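Labels A, B and C are assigned to the chains in the order they are written; within every chain, residues are numbered from 1.
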Amino acid sequence: MADQRIEPILAKSAASGASVIPAPIVVVAVPKLGRPKGLGHLLERENVLAGVLLAPTLVILTLFIAYPFVLGIWLAVSDKVVGRPGNFVGLHNFWVNLNDSIFLRAFQNTFVYTFIATILKLMLGMAAALLLNQHFRFKRIVRASMLLPWIVPTVLSTLAWQWMFDATFSVFNWMLMNAGIISQRILWLGDGTLAMGCLITVNVWRGMPFFAITLLAGLQTVNPDLHEAAEIDGANAWQRFWRVTLPLIKPIMLVVVLFSMIATFADFQLIYVLTRGGPYSSTHVFGTYAYEIAMRAAKLGQGASISLFLFPFLLMVIVFQLWYIRRGD
Amino acid sequence: MAESESVASINRRVFLKAAGVVTGAAVAGGIPGIVAAQKAPSFPKGTRLSILEWVSFVPASDVEFKRLAAEFGKLAGVEVTADLINMNDLNPRIASAIETKAGPDIIMMINNWPHLYADGLADVDDVAEEIAKRDGGFYDISRRINMVDGRWKAAPFTMGSGVWNYREDWFKEVGANKFPDTWDELRKVGTALKKKNLPIGQAFGHSLGDPNSWAYAVTWCFGATEIDDKGKVVINSKETIEALKFTVAFWKDCLDDGGLAWDDSNNNRAFLAGTISATINGASIYFVAKRQFPEIAKAMNHAHMPKGPAGRFYYQGGQAHGVMKYSKNQQVAKEFLRWFMDRPQYDKYIAANDGYVGGPTPYWEKHPLWEKDPKLVTFRDAPKFGRWTGYPGQPSRKASEALVKYILVDMYAQAIKGMKPEDAARWAEAELKKAYA
Amino acid sequence: MAVQYGSRLKRAVTFYIPLTCLLVGTLFPFYWMVITSIRPDVELYSVKMNPFFTLHPTLSHFYYLFELTMFPRWAWNTLFIATVSTAISLFCGLLAGYALARLQFRWAPSLGTVIFITYLVPPTLLFIPLGDVVKTFGIGDTPWAVILTYPTFLIPFCTWLLMGYFKTIPREIEDCARIDGASRFQAMVRITFPLAVPGILSAGIFAFTLSWNEFLYALVFLASPQQKTIPIGVFTELVRGDVFYWGPLMAGALLGSIPVALVYSMFVEHYVTALTGAVKG
């Protein structure tokens, strides 16, 4: 009887390409379970169960974000300044942004920053996850110490990097000069392009562990038997990675990439502490520019329109992503 | 050390006596009306007064501020709390407080913030006028930045200035026995210093203090302004182009080339590390030097901004206290400000600052502490040459926008990076037009 | 012999060298932070000194941190806030992720979208209207102001991540259990959730770290020094105008992260064991 049940499961699973979890789990993990009665009966219905499960989330989000969210959008189409009520101005703020050279520079920077940093984080995170997925002596310590850049409060680690890039005190300059590689100090944060490079470096340094850990967890769900089978079939390491591992962790990868991209698009703290948008406004991104306008010029409406400039675009990305995830059903 | 201390305290007693206050009765004369009339504190029990301030780079003055706040609390039967945070982090707190109509009762206003937040501030004409009458008037700049549409929106508190900090010893080595009086002279001295690998340091990055000290002051010294008194943008003028050309030449000849990336703190570090010979800064360099690098403290001094064709000017700021309109404790707040700015209290506060900030009225120029350390005299006199953002117009919200977008700073930075001065001026004109629109 | 040598070299190239590079790149700034936190101030300002070690280590910066600021209190606040917000977010995210990944119901797509859309409005914009909400509930200047607002950005991500994990667990296992007589609810709790433990731990680590790290909401909603968290307290009180107290700043950074890393090191092993056990059966 047990065999009869398992065969179709294995066949079906293999067909859909999902990872196969050996039968014993299923058998062992099903203790004596009774028949649903009363409330349990009600929870059998998908609608009701869904409602119950989603309730806590919806309650918190409604209470704490529905109103601020709507207000945030409203601010972007108003001329509100601190202390005065605002008036609806339609898309005027957005039009002003498009004619603002600093805004256009921030637009470009945000995209460059986000795309390059995300790609680097993905590649390095994946490499790290593959490395950490193996057994070696100091595994535990290495895995934990990999997380450190992610754990240190951003403001503080970015301050440390600022000092490391400092025009006068840079430890990198010290090393390069003493090694004879350069004779004049490099002004890391004094040149627009170089400063962007520094920002991306710090972002990747800080964010890579997160990719690594999440992808590692994903890798752990891949059954090593699949790898063995593929190896026996003659696949080399690269092919194994590309054909076996990658498809299986795609859902998680996509989630992590999408989330990280959105967070990086809106990144504020890192750039604010490292360059404040300088030198000569060449490293502003949406987050920092919006903050300067909203907080220091007290123009909340204008600042909101900068923050939300990409809202329609990101909305489309999310809708697509959701459709893609649900497509798996 | 001990001798000069007791001399100072004798001077202080004489000073206070001359000002008509007997030391023993100083406390009793503190709260006008209430204590003098021997009445019980007129505030309901359980009243709380909360204050939001910046942290000072002089830790002792923060200690003194909190002590005075507690003393007021005891006298008035009120619970006083003071929260001190980094200057740059005040803006989001203020915005949130005004918008949610809840938060501290008194908040420090820096530079032209009273104009920015005018709608959220209560009128404090009574407090300000009282201080003015007692002390003989405010500095013009104090009036400008704290009065909006003819009403006092914040009570002036202190004046912090950015002046030239320089190494007297190194300047002497290249033949300058005193700090140069004009920009051209400074350029000659700076060139000689840079040749000895001791350049002058100036920030052109994105922070609100030191970069603006150059951008606005040099513009004014050469006779240019952002706008005229009718509000029209006039930055694209031959005076501005002169200022730009001068700055680019000064950069090549005299300035440390890390400056494009500098914020407010880099020049402090560089000066204390001995890699630059002079810089515009507040008194924070001297303060740290006295405590940790005494040889540098001995070798350095302060001097005024050199004169340009149009004169000598500072980009001047000031700190003030605003009473928030939403506050339910406005009476208490005003009493606190009155009491704090009065003789014995403010005297102690200024003394705790060791001269790193000046008072908002010319009265406090006579304080004996200025004689204690002659190197601080420049800070005392700087407000006389002060101008504000948006000069000669109002330090309005629009001027704030120009400030916050670092239009003037970027204009100079881009010229340094290679943009032609004419193009830089034109760029600044276009940007300023949008800000002042 | 040749085979052994070959695979050892191969192992070095494909494993040890990349791993070392990764570790150096990741930990180098920490080494620098450690050195800075034990260097006397005089050395910090010197351009010529070797930045990699010091001959006069001092604990004065740590002393400063503990005696002259409320660091221990901030550490406790941060721990409390991060733990509770993580718990709330994990709870909500687990349930919501399951519902959206597994259950078919009419509002599924739209609700899913709605939850994630809230993510698109950045905190730098939201904090002002959120301040209003915080005031209305009367929780300003208490840890609850942030404990209840952090989930607004933690829940969407936890939900997402767990949705992704649930997707990698074949439906058939639950169907199997239900055929056996389990209720949908029981199948969910007894079968699916345990299999998602790696995902739960991942999401938990992530949520905890984000709460630990958060700056803007904590700055605006927590006013008194006793309520502050580590990032706020250390940053706002040790950066005084243009004078940075580097030694205590770096000391604060280290003390604010190494304990957390140690705790993580325990969890990281946990989910590996859980899964290894599961796979071996």
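By our rule, contacts are C-beta pairs under 8 Å (C-beta built on N, C-alpha and C of every residue); 3 or more make two chains touch, one makes a residue touch a chain.
The structure presented is a predicted model; accordingly, all values stated were derived computationally and were not measured.
A.B. asks: Counting only C-beta pairs in contact, which chains form the busiest pair?
C.D. replies: Answer by contact count: the chains A-C.
A.B. asks: Could you pull out the chain whose C-alpha mean position is farthest off from that of chain C?
C.D. replies: So the farthest one, by centre of C-alpha atoms, is B.
A.B. asks: Roughly how far is chain B from chain C, going centre to centre by Cα mean, in whole Å?
C.D. replies: 40
A.B. asks: Based only on mean CA positions, could you tell me how far chain A sits from chain C in angstrom?
C.D. replies: Computed value for the inter-centroid distance: 13 Å.
A.B. asks: Would you pick out the residues of chain B that each touch at least 2 other chains?
C.D. replies: 92, 95, 99, 263, 269, 273, 275
A.B. asks: Residues of chain C touching 2+ other chains?
C.D. replies: 47, 128, 132, 216, 235, 244
A.B. asks: Mark out which residues of chain A touch at least two other chains, giving numbers and ranges.
C.D. replies: 168-169, 294, 300 - these are the residues of chain A that touch more than one other chain.
A.B. asks: Okay, in this complex, where on chain A does chain B touch?
C.D. replies: Chain A residues touching chain B: 81-84, 96, 99-102, 166-169, 185, 187-191, 195, 275-281, 292-300.
A.B. asks: Which residues of chain C touch chain A in the complex?
C.D. replies: 15, 18-19, 22-23, 25-27, 29-30, 32-33, 36, 47, 50-52, 88, 91-93, 95-96, 98-101, 103-109, 111-113, 115-126, 128-130, 132-133, 148-149, 151-152, 155, 157, 159-161, 163-165, 167-170, 172-173, 176-177, 179-186, 190-191, 194-195, 198-199, 201-202, 205-206, 209, 212-213, 215-216, 230-231, 234-235, 244, 246, 249-250, 252-253, 256-258, 260-262, 264-265, 268-269, 271-272, 275, 278-279, 281
A.B. asks: Name, in rising order, each residue of chain A that touches chain C in their complex.
C.D. replies: It is residues 5, 9, 12-13, 16, 18-22, 24-26, 28-31, 33-36, 40, 43-44, 46-47, 49-54, 56-58, 60-61, 63-65, 67-69, 71-73, 75, 124, 127-128, 131, 134, 136, 140-157, 159-161, 163-164, 168-169, 171, 174, 205, 208-210, 213-214, 217-218, 220-221, 223-224, 248-249, 251-252, 254-256, 258-259, 262, 266, 268-269, 287, 290-291, 294, 300, 303-304, 307-308, 311, 314-315, 318-319, 322-323, 325-326, 328-329 of chain A that touch chain C.
A.B. asks: Help me check something: in the complex, which residues belonging to chain C touch chain B?
C.D. replies: Result: residues 41-42, 45-47, 127-128, 131-132, 134-135, 140, 216, 219-220, 223-225, 235-237, 239-244 of chain C touch chain B.
A.B. asks: List the residues on chain B that touch chain C in their complex, please.
C.D. replies: 50, 52, 54-57, 59, 81, 83-87, 89, 92-93, 95-96, 99-104, 209-210, 263-265, 268-269, 272-275, 281-282, 284, 287-288, 292-293
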